[in-house]
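So, here's a batch of structures to check.
Both complexes shown next keep chain A, but they swap its partner, so chain B is in the first and chain C is in the second.
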Partner chain A sequence: MLKFIITRIISVIPILFLVSILVFLMVHFIPGDPVINMLGMEAQPEAIEATRERLGLNKPLHIQYTSFLINILKGDLGTSIRTKKPVIQEIKDKYRYSLILAIGGTLVASVLGVLMGIVSAIKQNKFWDNFLMVISLLSVSTPSFFLALILILIFSLFLGWFPSIGVYSWRHYVLPIFALGTQSIGLIARMTRSAMLDTLNQDYITTAKAKGAPWFQVVFSHALRNAMIPVLTILGLRFGGLLAGSALIEMVFAIPGIGRLMIDAVLTRDYPVIQATVLFISVTFVMINLIVDILYSIVDPRVKC
Partner chain B sequence: MRQSVLKRFMKRKIAVLGAVIIVLFVFMALVGPYLCAYDPLDIDVLNKYQSSSREHLLGTDNLGRDTLTRLVYGARITFIISVTSVFIGSLIGMIFGVIAGYFGGKTDAVIMRATDVLLAFPGLLLAIAIVAILGTGIINTIIAIAIFSIPYLARIVRGSVLTIRNSEYIHAAKVIGASHLRTIIFHIVPNSLSQVIVNTTLNLGTAILTSSALSFLGLGVQPPDPEWGAMLSKAREVMRSTPIAALAPGIAITLVVMGFSLMGDGLRDALDPRSRND
Partner chain C sequence: MNTPNEILRINDLKTKFFLEEGTVFAVDGVDISLREKETLAIVGESGSGKSVTALSILKLIQEPTGRITDGEIHYRDRNLLDLSEKEMRKIRGNEISMIFQEPMTSLNPVFTIGKQIREVYKYHQGLNKRAGNRKAAEMLDLVGIPNSEKCIHNYPFQLSGGMRQRVMIAMALACNPRILMADEPTTALDVTIQSQIIKLLMDLKKEMRTAIILITHDLGVVAQLAENVMVMYMGKAVEYGDVKSIFHNPYHPYTKGLLNSIPQINDDHDRLKIIKGIIPSPFKLPAGCKYATRCDDVMDICAKKEPAYQEKENGRKVRCWKYTEGI
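Right, the complex of A and B next:
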């Protein structure tokens, strides 16, 4: 198992390396001169030269990349063109909001999704199964930003239960987390359902039933434990999607998270911020998947390289 | 064989429902614009933010443009973006997938690492990053979503090629002297086509969600073009007074995505009965 964990960790290194190259090259992929893109057509030639010099864009590509990488490892992600603040500072201030949303969304999705999946599997092809599968179909088809607006309309504007903008208390997080997590509920419900159906047909379940084990023990302790493995993988993969997708939710609920930072940066062509946020989100995503993989190699000894 | 696929598809009522939804929306996109009484870009500031009425069934938006007309024209844009991008992305993904699976070895390793890297940018992030490079607009949205769908399809096709690569009929083709290209085009591709069709259909739903999300963020289709995500974005300012302006495009996106999802599942069951989940 230790061997699996080490190989898995090593396998992540080239991916992170390639991700950093792509993020570095982003500025160079832009059609036209990156500095003019950043400063605008009417910028003074001196200002253009100064920015080129400051960003090191006049050096050869491999030297630019090396210093880009060294700076990242030192925790220096450059300076925002718009706010003139260090990008790392901006991200530090905003990252936790997006992290709370993504973790909350993943929790909502896993609890509700797994519960729905279990009920569906137990009641296979009966009313509850069909009903829950319609709900999960709706959940995967509804865009999160549309759901967010409906939630605001019902729970903020009409019922007044939850605030619709900002992040001042836990009540502010309820609607955004729900809006973000819902799309994954359906996915996890379907995954749990089919994994549960697979395990419920196994011999050891029949044995457990034959020995007279109570049904909730059969379902929760025998079947669910084994059905959780594919579900865990999906959860790891969804987490990254939620982290990136929180940009939409942050826009609707006016939450100052990293997603909004990224969108604002794209709209104002603030390339150091774009690069840093894209890098940050993808590295988090790769690391979470690494952790999930390692976790279930511990949970399930059958998983090997 | 073909008839039995259609028969199996038609047996699943819910898959047929999905197909009916899509057909209706495609009809709306093709014919709808000729039936509209208004122009989607005609501004009528005196009548902005109207609720639904006899003149404007779904009300009007912030500039007094008829929401129903914009919804109908928006269907065109939605289908143009999703179908073109998924077609291009699937084609490129399929080519890479076939090459990786068929030749194996180093070629496979290089292509698979490339997909790994693309997949390291989760969900919307890759599309946003591409738009950050290329800029906004319909064409760039299409490119972003095409690139976005390449790695998924490449992996799926590679998987299916790996399972058929060692089949006897492939060996037979090689033994009688078929070239690589001939083997790929006449034997490998037709046999992995069902996977491609199913996943392309499912990808269409994802493409619509992504393109509307980009437009909602202001990074996709630009005003004044009518796009469902952009319409939603504008309408959220008047959620309380004229909720219909947001509900109409939101429900349209949901229905089309649902339609593609139901159709994709139905096609999967019809083309490959072994993979059924229930």
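Right, the complex of A and C next:
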């Protein structure tokens, strides 16, 4: 077990290297001279030279990359062109908001989705199955920003239960998390349903029943454990989607998250911030999938060997 | 009511499957009587209703597709068909247990062997993990698994097919059941492992008080293990008797066909003997005797009317017009 986890962690290192190289090269892929892009067309040649010198852009690529990497490890992601503040400061709080949204969305989607999938599978082709599958179809096909507006309309404007903008207390997170997670509910419900139907027809389920296992044990222990294997994979991938896709929701709910920061940075060509946000989102994605891999091996012992 | 020593009595059991294509009479009026410690073999080809009979006894027919529509299953003093699901759970795995055909797929791949055996003790004796593990290891010793202490921490994929079938047997015998139903326990195994498993079952049979219902189409296994044999064809019992009489003096043409199709080592024919034809579609059963379409001794009446299941000497029974007097 421990050996498996260590191997997985080690295998992540090359991926992180690749991510850092791509993020580093981003600036060089952008058409035109990055310094002119930064300073504008009218800048004096002396100023351009000075900035180039200051940023180290006149050095060979591999030297630039090395210092880029060392700076990242030291926690220095450069300075925002727009606000002139260190990027790490800009990004820290915003990352936290987005992470809470993504984790919350994933939790909501997995808990509700898995429960819906289980109920559908045990009530196959009966009323509850049809009902829940219609709900899940609705949830998959409703765009999150649209759902966000509807939620604000109902729960903020009409009922006044939850605030509609900002992040000042846990109540502020409720609507954005639901708006973000709902699309994945349907997806996970359908995955769980088909995986459960498959496992419930397996021979070992008959064995469990023949042992005298109560209904609850058969469904939630014997069947669900096996059905979770494909669902887990989807869950890990969805999390990355929710983290990167939270920009729309952050816009609607006026949450200063990393998604919004990234869009603002793209619009104002704030390259250090773009680099940092991409780096943060990619690294989070890699880490979450590492965790999923480890969970995988706990759920399915065959994975370890 | 069961007679003394009789542990299971099934009267006129009918299990049907309601499919889109029509209704399948998987078990169509089967009677079984099983005494304590007796080994009864149920023989027949695939689709004859052997496995469904066993699953019906445990009431594990998948509803709503399948349903037991008629009959009585008297186990000791109770009719199992009158029991609630909760009462049935106390019987399953505890008093009546079952071994399945496919050891590869019958064990849950994500749980350790120990947990899967331990569960039986948890449900029926309320044992905790430690006590359960100890008993599980004892059972593994009993079925001849080396290193039982280590094996309880293994997962099914780490064991061979033969070992897994031993685990299944250990699991089924964990609570010392009164009846063990073995559904083709050796079919999925290769020949050397088959004989090991048969030997194990023979040894266990001597040691334990368990009565066995052995479901198989392997007549060699029947000869080694069983005392009595019931031959099934298309959901009906066609012949019953003690194993010696059935092998030496079969009545029913189907039984004769089955026995004839065993290859003989000193036979100088080039071709194996077979039963001609195939089993009829379960949706289009013949009106009279179900075997009439394949029978060598078919008579006019066979296609028109179903023969009755008649009692013969020494408790033997047969369902065939040839042995019906006064037609």
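Heads up, the rule we're going with is that the second predicted complex is superposed on the first by the 286 of 305 C-alpha atoms of A that agree within 3 Å, B and C clash if a C-alpha of one lies under 4 Å from a C-alpha of the other, contacts with A are read in each partner's own complex, and residues count from 1 in each chain.
Keep in mind that, in the parts below, contacts are C-beta pairs under 8 Å (C-beta built on N, C-alpha and C of every residue); 3 or more make two chains touch, one makes a residue touch a chain.
Because the structure is a prediction, the values reported are computed rather than measured.
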item	value
Chain B versus chain C as contact partner of A:H222, first or second or both or neither	second
Chain B versus chain C as contact partner of A:W161, first or second or both or neither	neither
Comparing the two partners chain B and chain C, which touches a greater set of residues in chain A	B
Touching partner for A:Q202 - first (chain B), second (chain C), both, neither	second
Touching partner for A:A210 - first (chain B), second (chain C), both, neither	second
Partner chain(s) touched by A:W170 [first = chain B, second = chain C, both, neither]	neither
Which superposed partner A:V299 touches (first chain B, second chain C, both, neither)	second
Which of chain B and chain C A:S141 touches, first, second, both or neither	first
Partner chain(s) touched by A:V286 [first = chain B, second = chain C, both, neither]	first
Parts of chain B lying in touch with chain A, wherever the complex brings them together	113, 116-117, 120-125, 128-129, 131-134, 205, 209, 212-213, 216-219, 229, 232-233, 236, 239-240, 243, 246-247, 250, 253-255, 257-258, 261-262, 277-278
Of all residues in chain A, those that touch chain B in their complex	14-15, 18-19, 22, 26, 29-31, 124-125, 137-138, 140-146, 149-150, 152-153, 157, 190, 193-194, 197, 237, 240-241, 243-245, 247-248, 251-252, 262-263, 265-267, 271, 274, 278, 281-282, 285-286
Contacting residues of chain A [partner chain C, same complex]	202-204, 206-215, 217, 222, 225-226, 299-302, 305
Complex interface listing, chain C residues touching chain A	55, 58, 60, 85, 89-94, 97-98, 100, 102, 105-112, 119-120, 123-124, 155, 157-158, 168, 171
